[in-house]
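The following pair of complexes shares a single chain, chain A, combined with chain B in the former and chain C in the latter.
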Partner chain A sequence: MCKLKRYQRQRLRAKRIRMLVDLNVPWPQNSYADKVTPQAINNLTKTLTTLHTLGYTHIAINFTVNHSEKFPNDAKMLNPIDIKTRFGELMAQTGLKLYSRITLIIDDPSKGQSLSKISQAFDIVAALPISEKGLTLSTTNLDIDLLTFQYGSRLPTFLKHKSICSCVNRGVKLEIVYGYALRDVQARRQFVSNVRSVIRSSRFRGIVIGSGAMSPLECRNILGVTSLIKNLGLPSDKCSKAMGDLASLVLLNGRLRNKSHKQTIVAGGGDEDDNDVVNDVQGIDDTRTIKVVKRTMDPEQLGHAAKRRKP
Partner chain B sequence: MVRLKSRYILFEILYPPADISVEESLSKGDILLSHHRASPAEVSIKAIIQEIRRSLSLNLGDYGSAKCSSLLQLKYFSNRTSTGIIRCHREDCDLVIMALMLMSKIGDVGGLIVNPVKVSGTIKKIEQFAIRRNSKILNLIKCDNEFLINDFKKLENENENENENQNDTD
Partner chain C sequence: MNKAQTFMKECLFTKNLEDPEKPINENRLQDTLLLLPTDGGLTSRLQKQRKKSKLNLNSLQNISQLENENEQLKKENYQRVNKNSKIALREFINSCKKSTQKCLKLAHENKITDRKNLSSYLEKDHPAIYEALPQYDGFVPMYKELWLNYIKELLSISNSIKTLNGSSALLKLSMADYNGALLRVTKSKNKSLRGIQGIVIWDSQKFFILIVKGHLIDEIKCIPKKGTVFQFEIPLSDTDDSALRYSILGDRFKYRSVDRAGRKFKSRRCDDMLYYIQNQ
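Let's turn to the complex of A and B:
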């Protein structure tokens, strides 16, 4: 019995290791008004293929936009990343799984708009505060999955344990973008100090790592990235989790936000016997077959939160 | 007496396709082929070691580079396959991997990624791993291009058949 359990656990672990997630590949558009050139798309495709060669399996394409900018009214226009038509062939040929992500640059909270509409259109919603007020807003009551910073320039304010940890306990993850370390000397310097303060203020909890690769040359594999982040002060077990488990949790959370009842039950889409919501290729919204998946409570993944809730 | 403990790092040099305007095929084998290329002659053992030292001193300063370079050797590098093995101190292994990761060019050759693949304690194991990994990649490429190879075979067979038929009629 014990042996069987151990075997199952090993299989589970092996399954988890196979997932390698990159949550941040920039989309070549800075606002809704910008035009997308075919060359930029080509560059993005090449970045994706390079990431595939380096062993990544799940990639989120990141559309960064200002929070104060007017969102289009048409629901179809909300998501300019047309993953199915643009990258459908790539996904079918290589088995990559692509997701869409929106990052809102938050400066002045009073000019912001409600996120309910925008979060319908994207798989992941992230916030990038560039002022102190923005940081307070995004750590307290914004409905987001990820909190990220501009690592190439100074952080908006000194990060406090209290606000960042409460944010992490709420389920929001912090993102480190290693692309800045590969650009120029100034950006690298700032990157190191910013990452250290993020790691310190979060007390090693809830950190995920993304690439932010503008070109194929800025992609690195897991071994290099873990050794870099390890040298910046994150314990090595958290490093390997940051690109696998925790990042896939972000993907799961984001997709369950729209398409589930209270984050536990999903109905619709995908293959019938495939219960894994994170790993399925088709996406939940396909109406071909109906799938009902109950999200399992894995105490390992819940970790800290599960322990705290015990009476 | 405590033995000198070292680590071996297997790395490869990837050349991602640079030209933005050219669209390339998206099949698995073609992607692999376009990234794994033979290195030019300028990427020699000497140039690589020099570049690692440079990257170490740029990123880690005098202290880090001196710490690492007490035992830093390039054991093997092949230009045909663009793979190599580095030997380093066990404690400084992370720093060397970090230096490899932060490299963006070797000598004057730019547009490459130095990709650390595996760390091991003995050179034998790392050689075995490299052989296994390369044969896996080769298999992938072969699988992908199988129908092409088969097509050639079919053509050859047809030609032979035709020839035989002609001989028969003669």
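Let's turn to the complex of A and C:
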């Protein structure tokens, strides 16, 4: 009994420390004109709960659109995912943290519009270049958090060390989506060669792994993913970092863009548990970026935390 | 070739140009950029000087006035004063630290565990140490009366926050002055710093110098901005318990308050801030 309790406590502690992040769960909509069926939502919820049981703590729901498509003018219409009303219950039940992500398919950079307005509505902004021009634009001067590719088909060009590494140095991470390896033989073949070239061109740096799971069957836990990607040439310590530390850095970068002024002053935060910009999903007012709390600081308090807690 | 072009060549170009075949000189169309030596900004400097040295009636009348004003504004040995103030601050901090150490030692030797007893004991037996101790209570009005009013005025908060614009408030806060603010360290690479709370007495480039209220005596602590996240609260009203909470990312805040005021901040890659999101 005692042993069991200790084991549980250890597991809890391990859980609290570990952040396991999946940055890519597709949203069942490919453009703003598409309709969302309740069935698709149901399927998505199932995927999310499966990922939760596999140990994931932070999940981003990915909405993929073409960059040249017309975006709605109303700022409230920009984000169709609406996490709070649709998945608020799920978050409360399981303790999952859900984020919204937009992936822009970039073909001809001249047709697209500025990112600043779009990025305000989403937590993470990713780019998916499908032409050489798009790749050069997104590696050099687009203000994004993630760079991803269509792993099921050929890459737009040969990836060069120089452009990819400079992009990683800028703070943009590269994403590998392992969902493509689980679908059909043709996609898997492309996936292997594409992932190898991404790993080679980035020199193992700044790689993040996402699932891209359309159904609960395509989810894998950290061990499964590590064994798959390790086979493709990424060292296993980088694999676990790719799903933990680096992926959470992407979340931090994305959250800081909207919730802070150029990463200096952040709304919210605090010394209670789970209270930084990334983990504090509910508390910060999204439209006004302020956080109202009950007052905890007083000049009459003692200066040290341990002494402060004593009555 | 149509007729108009031949006409232009024969009748117009032959009169005006050296080579009627090529109306545009090809050297002009070189696509490379030529770098020419400059005079090092000499001409522009000379022009400026010439403008200044021009005399007119107005400038002549104002000269005597201006000189008077300048003399009034000018402080004698400004540089030395500035340098001395730095030294004085450093000495103050060091003497405070020394005296607190001595004081704690005395308290330990005489087994005093009460604040009142300690202060009365020090006042009687070691007046030199007692006078050198920093007093937290002396700085509380700086927070309560000065800083809170300043920050409320800056964000234009008056009882209700319905009109407050979050993003512009963040912008203003990034340029605000934090001398006198009540800060608390929430996250840090150095675990022993976490939870320290105090009033800022000086906001230097790389440190926040806080005065911290202790159980026995008050201390001065220099907390590095690097690798630390600070939190502060702005109470909305005196009667209500609600407050606005913000945190400062020390890694991106490493500027003196003077330099920060006109600064344009830039987002950088945030790989160094991993400690912020990891629950320690």
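Just so it is clear, the second predicted complex is superposed on the first by the 256 of 311 C-alpha atoms of A that agree within 3 Å, B and C clash if a C-alpha of one lies under 4 Å from a C-alpha of the other, contacts with A are read in each partner's own complex, and residues count from 1 in each chain.
Simple rule for what comes next: a residue touches a chain if its C-beta (ideal position, glycine included) is under 8 Å from a C-beta of that chain, and two chains touch if they have at least 3 such contacts.
Treat the numbers as computed from the prediction; the structure is a model and nothing was measured.
Trainee: May I ask you to decide whether A:253 touches chain B, chain C, both, or neither, giving the answer as first, second, both or neither?
Mentor: The second partner, chain C, only.
Trainee: Looking at A:210 after the superposition, I want to know if it touches chain B, chain C, both of them or none. Which is it: first, second, both, neither?
Mentor: A:210 sits against neither chain B nor chain C.
Trainee: Would you check which partner chain A:43 touches, where first means chain B only, second means chain C only, and both and neither mean what they say?
Mentor: Only chain B; A:43 stays clear of chain C.
Trainee: In the overlaid three-chain picture, which partner chain does A:230 touch, first (chain B) or second (chain C), both, or neither?
Mentor: A:230: touches chain B, not chain C.
Trainee: Looking at chain A, does chain B or chain C touch a larger number of its residues?
Mentor: Per-residue touch count on chain A favours C.
Trainee: Contacts for A:109 in the overlay, against chain B (first) and chain C (second): which applies, first, second, both or neither?
Mentor: neither
Trainee: Applying the touch criterion given at the start, work out whether A:156 contacts chain B, chain C, both or neither, answering first, second, both or neither.
Mentor: neither
Trainee: Is A:179 touching the first partner chain B, the second partner chain C, both, or neither of them?
Mentor: Neither partner.
Trainee: Need the overlap of the two footprints on chain A, from chain B and from chain C, as residue ranges.
Mentor: none
Trainee: Could you list, by residue number, the parts of chain A that touch chain C in their complex?
Mentor: 16-17, 19, 169-171, 245, 248-249, 251-253, 256-257, 260-271, 273-279, 285, 288-297, 299-308
Trainee: Under the stated contact criterion, what part of chain B meets chain A in this complex?
Mentor: Residue positions touching the partner: 14, 16-18, 20-24, 26-28, 31-32, 34-35, 59, 94-95, 97-98, 100-102, 104, 111-113, 115-119.
Trainee: Help me check something: in the complex, which residues belonging to chain A touch chain B?
Mentor: Within the complex, chain A touches chain B at residues 39, 42-43, 45-46, 49-50, 52-54, 89-90, 93-94, 181-182, 188, 216-217, 219-221, 223-225, 227-228, 230-231.
Trainee: For the complex, give me every residue of chain C touching chain A.
Mentor: 140, 143-144, 161, 164-167, 169-171, 173-174, 182, 184, 186-187, 194-199, 210, 212-215, 218-219, 229, 231-233, 235-236, 241-249, 252-253, 265-271, 273-274, 276-279
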